[in-house]
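Quick one: the structure is below, questions incoming.
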Amino acid sequence: MTRKPTIITGTVGMDAHVIGTKILSRAFRDAGFNVVELGCLTPTDEFIEAAQETAADAILMSSLYGMAELDLRGFKDKCREAGLDDVLLYIGGILGVSRHDFKDDEVKFKKLGFDRVFPPEADLKSAIEDLRHDLKARGKI
Amino acid sequence: MTRKPTIITGTVGMDAHVIGTKILSRAFRDAGFNVVELGCLTPTDEFIEAAQETAADAILMSSLYGMAELDLRGFKDKCREAGLDDVLLYIGGILGVSRHDFKDDEVKFKKLGFDRVFPPEADLKSAIEDLRHDLKARGKI
Amino acid sequence: MQTTVRQKRIDEDEFLEMRKAVLAEWPTGKEVDLEEAVEYQRNLPASKNFTKVTEKLRQEGKTNIFPRAGTPVLEEEIKLVKTLVAAGIRHVPVTIDAYTRLHQFEKAQQALEESIKTGRPMLNGYPIINHGVKNTRKVIESVEAAFVPRGAHELAMEIALASGMTSAGKSSLFEFGSYEKKRTLEDCFKRSQYTDRLAGYYTERGAVISTDIHGFIPSGTFPLSVNIAGIIIDSLVAAEQGVRSVIPLLHFNGHMAQDLAWLKVAPRLLREYLDRFGYKDTIIPGVLENQIPLFPVPQNMGGAFAYLNYSAMVAALGEAQAVFVRTIDEGAGVPTQEAHALSYESANWILNVVRTQKIKLEIEGMETEERITEAEVRAILEKVLELGDGDMIVGSIKAVEAGVIDSPFCPNIHVKDKVLGIRDSQGACRYLEFGNLPFPEDIKDFHRQKVAERERAEGRKMDYQVVIEDFWAFSKNKIIGG
Amino acid sequence: MQTTVRQKRIDEDEFLEMRKAVLAEWPTGKEVDLEEAVEYQRNLPASKNFTKVTEKLRQEGKTNIFPRAGTPVLEEEIKLVKTLVAAGIRHVPVTIDAYTRLHQFEKAQQALEESIKTGRPMLNGYPIINHGVKNTRKVIESVEAAFVPRGAHELAMEIALASGMTSAGKSSLFEFGSYEKKRTLEDCFKRSQYTDRLAGYYTERGAVISTDIHGFIPSGTFPLSVNIAGIIIDSLVAAEQGVRSVIPLLHFNGHMAQDLAWLKVAPRLLREYLDRFGYKDTIIPGVLENQIPLFPVPQNMGGAFAYLNYSAMVAALGEAQAVFVRTIDEGAGVPTQEAHALSYESANWILNVVRTQKIKLEIEGMETEERITEAEVRAILEKVLELGDGDMIVGSIKAVEAGVIDSPFCPNIHVKDKVLGIRDSQGACRYLEFGNLPFPEDIKDFHRQKVAERERAEGRKMDYQVVIEDFWAFSKNKIIGG
């Protein structure tokens, strides 16, 4: 990569599950990204502030406790208002409540403004490739 | 019971499963029935002969290997031809091939002429009650 | 940092003063009449007392299932506990919703009302504070079983115990190390001292309230010594406040010799430390076990059954009194009723079939695991005492600051997170990075040797990447990653 | 009754004469060119040899799954074995359809043609005789695994071995005691001598063909001593005909100490008897295990998973080389592809996780079970030898007549059926009725005591009714009925 892109990571809302976002953060750091790690129990506003402050290229959000949909209503609008139109939004974890088809999550969270949605068994290596690909497409790297 | 009714038991066709019919035979014998036990691997004709020879009140047939339907096509007609119109026909075991709804078996085997059809978890005590009930209804005991 | 909290019983007058403020937090606080509640508790049958139910299971040589469940609407909660008890369950946990845990009683009230109106549960647990004593007694009176709240802080515990729950399940290190991001350990100890003191108050008056204690739970592959040390610390804290029945809640990590060794070591050392600090009359009526849920991915149903059955098997062989097995939906989301039923039916098969056999077994290497774990737990506890000048609470707070108590992948920013665990080539959990864990050199060498053995066997370096691979092994029908 | 069959190797010329008649039974018999087939076998890689695959699993400390499968249409059979091998299976059994087993090749041909036409399998197995050598080689050449036919008599075995199957799975006592109603044991021995002699013929020419041996399988709760004695008898019969690799196929009954004891006793005694009769060069490359399928009713899915996981667990702890676990559909009917996949996925989780740990364990009471079983097996075998004047075959035939070899709930009218087994209060299998089993009094007393213990514990007489209750226990999440 010619330039070191910056990403924001964290688990959103009142969700204390932290293991996934910790692993993810390290994987992206090891792959050459500049990672701002917010940890768990992170309100949406904190994601936005961090992205503004660091001129981030992407937000990689996690949610496991099943309430992501509620937590993220209106999030994309807030991003736009904050001038983060151009920041890529990715989300992963366990996004629905009971056993369900991941396809439903994908549709739902894309509607909420996310560019990519990942299932629990997501492979981080290919997620890194995805991000590189998307950043290239946008001329960011 | 005023009179000791006679029943024929056995596993029909090329089916070697014998445990169920052995247990069943003993249970009915202990309950006061006269049991003619044919064992496994018993052709339909043998059931008919035995019923004729002993003036049986009922045939309690077993089948486990999943081919009962094939084995029993035309059996009711043969019974009629042999003058066994009045003999009660019961069947039990594992009557279908793959995992399926027992209700399907019931419909199928009633169509084939059986008076009662029993699932694998059939309770023998209540089967004995059923037979007594049916024999009473027909004025046999 | 200067800490104000000490390992010392809260003075009764002071406690009664504290209670006033707690009970004033929400209108249902008024429903708590402590003397009436003590009387109510004393009249409960043995079948509703957590300590006695646990003791009975031990005497009968049975292992039961200890599920997790809680739903907002009262009638639904009653239906739920009836279903559980009909399935043979005798320890019934009432999981409290996340809003209540986070002190957002107003929000919980709204969501409860909405749940009633819509007929859909809008909370992920039972909002015990909003329901209050009268309603909660209806739940407890609907079945013959012993209740424990999960996730209850001060007011929630007041209502739980006044309603007839008989275990004050609460653990400072668990809360601190697994649920909180910024809260300090000091603060967590303060909250537990209150609930422990409350349990002690009942106990002194003839109503034995136990407390079941998680300790610092291992995240991922991590030897259990930090966890067991934490269980002992939390138990001593509880005993000082007058708790007379403590129940360790251990965690399996999947290696039989280790899991069985841990099941033996934990109550033995706990007994020793309780005695040493003069809590001779605090009993350990039994041991509960938890299946480590890390981390079957949802798609693999055969593996999910195998994992829970294996956990049930080890709990039965270890003669635990109850085991929390995860349902087959664990990796998929909140389990459906059907998933609960199927999973417990499966585990119960194993528990019944194995316990009836009264198996006594020895596994080669189990003694070594016991010896190693014992040395590690002692090393941590003695260092804690040293740091605290004999005060377990002060020592623990300093120990966490110093990384003497540490755990990987922790949500709390106050935890060092300098340690890592990894599997050895037979699947046992070993330390890969010790951080500041105060272990003797020979113990560290033991771990290093085991790790080196796996390095040789696999011809690669054991590092963070392998740690992550190990994480997912159970999802891939294996105990070792790679 | 005068028996003509003897424990004596069939003379080679006589054998070659017999073969002509066998090969003439169906046109595909012509495809068997014995010398070419021996050459073909000798060129097979180790991964296709049943003996070598078993030995390798033992060296690697692995337990594999040994499924049951066979479908009529060639292309489907190839698909099936590919699926099995992709799932990690290395021992592939080809179940032969019932018509072929019963010598109704014409009917099998019709059903095969109909299956091809309709696309629906009209046979419950692979009609090996109709397919012949050329087609069957296609199956075997499609994967890297060792094959064994199930239910092959003379011509079927000729085709199986000429096609490259490397185990002549066949057991006189199994056939006689489980599948046949009127056929005599003498007749069953004759058939096995042929197939064993055929396996011996290949072996002598450098292509080792093993035989895996079931013995008289226990129906319901029944101690394994009759079964083990039968395995030894059948093995000696095979060895006399030149078989140099015998693989016991044992049965679990669900009591861990017993099951593990049996797994140790069987190969030990088998080795001893092989040596005693001079078959020192006949090896035992490993042991296979069978989950006793009695009798989860179809409705109970959780129990079905638990049962198969438990069986996998015991097989893994007993270090068997492979285990036949029943699928979750066992009580419901022929398993679907999905049921196969899910069940083996589940069992594999257990097998992998447990074997990686290299567990060596001792269960209290296991030694007693070994001692008792050993005494019983010896008592049966010595009596058989006495009855046969040193001839195992003659002795066995007389032993069955005399009830010295006996089994309950048997289909065959020539079996006495005067014996019964029952569980003791810890779930171990005991003899309730000894019939004419030739056990020493102290052994009988041991069983009587155990039965009396359960009578006291349950305050009721142990009789036929309880035997039937025990039958169904596993379907009710228990090991003991009632």
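Some notes on this structure:
Going in written order, the chains are labelled A, B, C and D, and every chain counts its residues from 1.
Here is the rule we go by: contacts are C-beta pairs under 8 Å (C-beta built on N, C-alpha and C of every residue); 3 or more make two chains touch, one makes a residue touch a chain.
Source: prediction; values computed, not measured.
Note on chain placement: the centre of chain B and the centre of chain D lie 31 Å apart, centres being C-alpha means. Between the CA-based centres of chain B and chain C the separation comes to 56 Å, rounded to the whole angstrom. Per-chain Cα centroids separate chain C from chain D by 47 Å.
Annotation for chain C: no residues touch 2 or more other chains. Contacts with at least two other chains are made by no residue of chain A. In terms of inter-chain touching, the protein chains here are arranged end to end in an open line. Chain pairs recorded as touching, per the definition above, are A-C, B-D, C-D. On chain C, the positions that touch chain A within their shared complex are 98, 102, 124, 178-182, 219-220, 297-299, 329, 331-336, 339, 409-411, 413, 464, 468, 471, 475. For chain B in complex with chain D, the residues that touch the partner chain are 14, 16-19, 22-23, 26, 39-41, 65-67, 94, 96-100, 120-121. Listing the residues of chain D that touch chain C in their complex gives 254-257, 300-303, 305-307, 309-310, 312-313, 341-350, 352-354, 356-365, 426-428, 474, 477-480.
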